[in-house]
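Since the structure comes first, as structure tokens, the remarks are kept for the end.
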Amino acid sequence: MDASTLQTFTSPVVLFFVLGVAAAFARSDLAIPEAIAKGMSLYLMAAIGLKGGVAVSKSGIDGTVLAALGAGIAASFLIPFLAYAVLKGFGRLDRINAGAVAAHYGSVSVVTFVTAVEILDAQSKPPGGYMVAVMATMETPAILTGLLLARGLGSQGGQPKGELLHEVFFNASVVLLLGAFGIGLIGGADGFAEVSPFFEAGFKGVLCIFLLDMGLIAARRMMDARALTWRLAAIAIGLPLLNGFLGTALGTVIGLDVGSAAALGVLCASASYIAVPAAMRFALPEADPGIYLTMSLSLTFPFNILINIGLISATASLLAGIGAAAP
Amino acid sequence: MDASTLQTFTSPVVLFFVLGVAAAFARSDLAIPEAIAKGMSLYLMAAIGLKGGVAVSKSGIDGTVLAALGAGIAASFLIPFLAYAVLKGFGRLDRINAGAVAAHYGSVSVVTFVTAVEILDAQSKPPGGYMVAVMATMETPAILTGLLLARGLGSQGGQPKGELLHEVFFNASVVLLLGAFGIGLIGGADGFAEVSPFFEAGFKGVLCIFLLDMGLIAARRMMDARALTWRLAAIAIGLPLLNGFLGTALGTVIGLDVGSAAALGVLCASASYIAVPAAMRFALPEADPGIYLTMSLSLTFPFNILINIGLISATASLLAGIGAAAP
Amino acid sequence: MDASTLQTFTSPVVLFFVLGVAAAFARSDLAIPEAIAKGMSLYLMAAIGLKGGVAVSKSGIDGTVLAALGAGIAASFLIPFLAYAVLKGFGRLDRINAGAVAAHYGSVSVVTFVTAVEILDAQSKPPGGYMVAVMATMETPAILTGLLLARGLGSQGGQPKGELLHEVFFNASVVLLLGAFGIGLIGGADGFAEVSPFFEAGFKGVLCIFLLDMGLIAARRMMDARALTWRLAAIAIGLPLLNGFLGTALGTVIGLDVGSAAALGVLCASASYIAVPAAMRFALPEADPGIYLTMSLSLTFPFNILINIGLISATASLLAGIGAAAP
Amino acid sequence: MIETVTRKRIEILTDTALVKRVTDAIDRVEITGWTVTPVLSGKGREGRWREERVMGTDKVLVLTIAAEDKAMRLAEEIAPILTSHGLLFSMWDVQVIRGERF
Amino acid sequence: MIETVTRKRIEILTDTALVKRVTDAIDRVEITGWTVTPVLSGKGREGRWREERVMGTDKVLVLTIAAEDKAMRLAEEIAPILTSHGLLFSMWDVQVIRGERF
Amino acid sequence: MIETVTRKRIEILTDTALVKRVTDAIDRVEITGWTVTPVLSGKGREGRWREERVMGTDKVLVLTIAAEDKAMRLAEEIAPILTSHGLLFSMWDVQVIRGERF
């Protein structure tokens, strides 16, 4: 663990998360009203979408951007296969639950990404604005792969297929992220200037309070959880380590700058706990939320925020160094 | 449609509204928590009230201001007669429903006004600060006319008259708008400076998210609506066109500047969908919300935001030009 | 009443409180959604905690700070004895209710403190940042004294003692205030800079809306209250006067600067209406919330905001003058 | 064994704007108390509604527990405005402890 | 004296994500309406849940009043997915005014 | 035709601060689950309350479905603190599908 990893722990954003975890473990009754938490998550998505769109309106769309989009979509489609194999084999889950969990790990966590951007910015490795679009496109492919693994090609459990695809492609976070991205793209820097006091100045503060809440929720769910096996706990740590490395390497290979490669690594490492759980309640109601939420929210999410983002950032720098040294 | 009309569509404020409409029509599950939406609407009213009060504390109250107030109150009292005649005749509504809908069109939509101010500001035709007071006073007279038309002078449907008048004059938005206006007036620019980072800097961003929500709600209500007749749909477009023109002309005639005349036009054109529906549920519970909400919220509101504000702004410039050319 | 007392009434913060009270007495239906109000109260605590922590990270912890902490804790422990005697004797309350009310007066009101800081800042008597820590430590001792007085040493009414102490020490506001204070202390001015647009720029505006809501709630509760005796009403005014004077004098004697001495006075004068009522519902469910909430929220709170803060500020200046004049 | 008595539990779905009219009726027939709970959305003859809180046209449930005679008097108070005001009224028997309260 | 008739009141606890499946079933058996109310937290065989609104895995109650035959048809519609989808179904007799509505 | 069995549905109105005491009692008598729903405002012998969420003195409803014997044991657990803690307790018979769950 190098300096950049440790630096994480003086960021107020991360400290509020730690405060939330600590308060929950101390069984404090501290709680953010759910409407406020929901509102903050929508705010964060709108803000990150806008910001990404404005950035791309400046930089334009080039080969690198397209490569990053392609890499992200491919990763989201493929990671669930890897995850499914591990979850069924080593994790001993049944087909339905292995598929459901696999979908979470192929998809992404918006807040993990946002926190990573803050940390990478502070380390002078800002990821490209187009990574927001990469994130948005990575949300859904994994859901399809996960369902395919859980149900097979044929049956959808009495669930009309069209309704399901619709649910997947028009889910709230995809629509808001891509919509705000589009508005940023159309409005450009001028349009953004008008609204930037709200969306930019407030961003880090809202992220603090949101992470305080996620710390509370993640730790409470951990305490309420009935026996999660040690095997599943190990996967919830090991998988983001592996995916983070693979994603960063992929990013480096396709020629992304250090920050963007690290961001791709974080996206691969992160597991969804907003878009995918809701989709699973809808499409795989037989799967146990006690498994997939506890893994993605109570183990992988804190691990990423507290440790893995730092590791991935260091890895990205290392790989970039190797790349530069190579002829 | 001239340049200023088209300009509307690059404003992030309007684009977020369009995003909301599109997401709802695509049957996305995107939704803003109701407590957040309610909070944003209170914020917008407090902010606009404060701003107006501060402006008037600088400019003072003169003949123009009093003329504008008089014109606004008169318009709010009289527009429902016009609307009622059209709704009963061409629209074929019964007495109760025609009166209820007429009240909506005589009253005003705070958010339509606020959006118009943003657009007029961007076109360098800022309306006077006193127009906020005009808006606040226009909220309630129309409710009284509408009830009169629906019930006649005598009966109030077993409803104690005092309670009703009270409900009308002390309804939440009137109290908040005028209260904040008064605070702005007392505190002046100095008092406002303290709180302006919150009420001014955040304003446009909050308006974006609020309009996103209104787009979602308006479009969903449209989809849920059982057969609204084409006659009523035509009135929901035609009436704001007519009222917008009349209001702008009235404003020009009584000597308001271009921006203020346009703002008066927008107030006349707009239909309430917050204060009046709640008052109607209370005072005319037999009227069908499916009619008045669908007309004011799902048809007139989007029409005003997307098209009519631009038209009214152009009309105001035209009329001012004619006035200036006249001897 | 001197100039500084009157100055209070041109502050937008106080004017919004007055607006809330007026709207409630006029039976307006104006209401802030409860989730928003809860969210604002958490925001205010996080912001004040952070700010205090950053201030102490600069100034360091010296003898004065420790003296202030000691004085605050002692006051919180001891004020309930005084209050209990008055409430049982003059106020004619039974043991349970006298103990419950006494706990409220020994503890503190965060919003009264925050409002006082705004007013003292405006009068160029800013209290030290460490007063936030003093406030946080004053929240709970009074709860213990109040329970002791209500129940005696032995029984806890079938309530397991550990659970109770836990509830008292890890209640939401203590955790959030001290947690944010700690984050401010660790992050220092640099860490705070990142999040200050959210926590600092928005602060006064949020306080305005929060006080609007508290005005509404306080006045509505007053109107709903069944006969509160004149004796209890007199105590709800007299006690903060007395405690405010004692606290200010204590602060001056232990050597605090004028602003900090006034802040200690305000803390002693204020009565809790967030942390303590919840603790009393838990630990003394037999006590009547109609008594303790009406006294602390509907009488003492407005009295402090509107009048007593001004008096205490003047007292502090006076006492500091006497101190300076003394050899 | 605890002793229970039978009372009526009444549930009235009403527009938020009309709550006071319902609770006034409850007070008029001298029932000791009532409780209001929130409602998110619904569908009836007049179509579907949801997300109405911003417009102030949302609904709530008013619950009250009362002795049979008072319950019937409440039903009669409410009946005239039931259809015109779009209320939904239902009641059923419940067992309560310490029935003298109701 | 007001006349009341007996109907079934049905209450279904369901995940928010599955509400549409429940209300579609209600519409299919031609019950005239339904009402959705919020839920804060709970505990069942699958452990405790709370604060799930952010994750979209929270629950709501769907209420509907219907004549007995339609109520039983709804029970049959819902029964197959009851366990797999984690629904909770209960119903009881209530008296309503103007029963022809239901 | 679907088979239903009869169970007790219990509803307890309680201060938010006391929810844990109620759910602990439910757990103690070994009822399998419970559900908490929000309450907005109310009126009782101690007057009217509303907008108490900021003060933390608001109330909620705790619902639970159980077999009669467990329901009666819960009533006995709760009875002693019913008046002192300001709880409201009511229960009635409901039909449930797959009653072995409760």
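Lettered A, B, C, D, E and F in written order, each chain numbered from 1.
Throughout what follows, a residue touches a chain if its C-beta (ideal position, glycine included) is under 8 Å from a C-beta of that chain, and two chains touch if they have at least 3 such contacts.
Keep in mind that this is a model prediction, so the values were computed, not measured.
**Student:** If you take the chains that touch subunit B and keep only those that also touch subunit D, what is left?
**Tutor:** In this structure, no chain contacts subunit D and also subunit B.
**Student:** Compare the CA centroid of subunit E with every other chain's and tell me the farthest one.
**Tutor:** It is C whose centre lies farthest from that of subunit E.
**Student:** From the centre of subunit D, which chain's CA centre is farthest?
**Tutor:** Of all chains, A has its centre farthest from that of subunit D.
**Student:** With centres defined as the mean C-alpha position, give me the subunit B-subunit E separation in Å.
**Tutor:** That pair's centroid distance is 39 Å.
**Student:** Report the inter-chain centroid distance for subunit C and subunit E in whole angstrom, where each centroid is the mean of the CA atoms.
**Tutor:** Roughly 46 Å separates the two chain centres.
**Student:** So, what's the distance in Å between the C-alpha centres of subunit F and subunit D?
**Tutor:** About 19 Å, centre to centre.
**Student:** Give the residues of subunit B that touch two or more other chains, as numbers and ranges in rising order.
**Tutor:** Subunit B, residues with two or more chain partners: 31, 33-36, 38, 197, 201-202, 278.
**Student:** Mark out which residues of subunit E touch at least two other chains, giving numbers and ranges.
**Tutor:** Those would be 37-38, 92.
**Student:** Between which chains does touch occur?
**Tutor:** A-B, A-C, A-E, B-C, B-D, C-F, D-E, D-F, E-F
**Student:** Across the complex, what residues on subunit E touch subunit D?
**Tutor:** Within the complex, subunit E touches subunit D at residues 1-2, 4, 7, 9, 23, 27, 32-38, 60, 65, 92-98, 101.
**Student:** How about subunit F: which of its residues touch subunit D in the complex?
**Tutor:** Of all residues in subunit F, those touching subunit D are 13, 37-45, 59, 61, 72, 75-76, 78-79, 82-83, 88-92.
**Student:** Applying the document's contact rule, which stretches of subunit C touch subunit F when the two form their complex?
**Tutor:** So the residues of subunit C in touch with subunit F come to 31, 34-35, 37-38, 41, 213-214, 216-217, 220, 224-226, 273-275, 277-279, 281-282, 285-286, 288-290, 293, 297.
**Student:** Which residues of subunit F touch subunit C in the complex?
**Tutor:** Contact set of subunit F toward subunit C: 15-18, 46-51, 53-58, 81, 84-86.
**Student:** In the complex formed with subunit B, which residues of subunit A make contact?
**Tutor:** Spelled out, the residues of subunit A in touch with subunit B are 33-36, 38-39, 42-43, 46, 50, 166-167, 170-172, 175-176, 179-180, 182-183, 186-187, 191-192, 194-195, 197-199, 201-202, 278.
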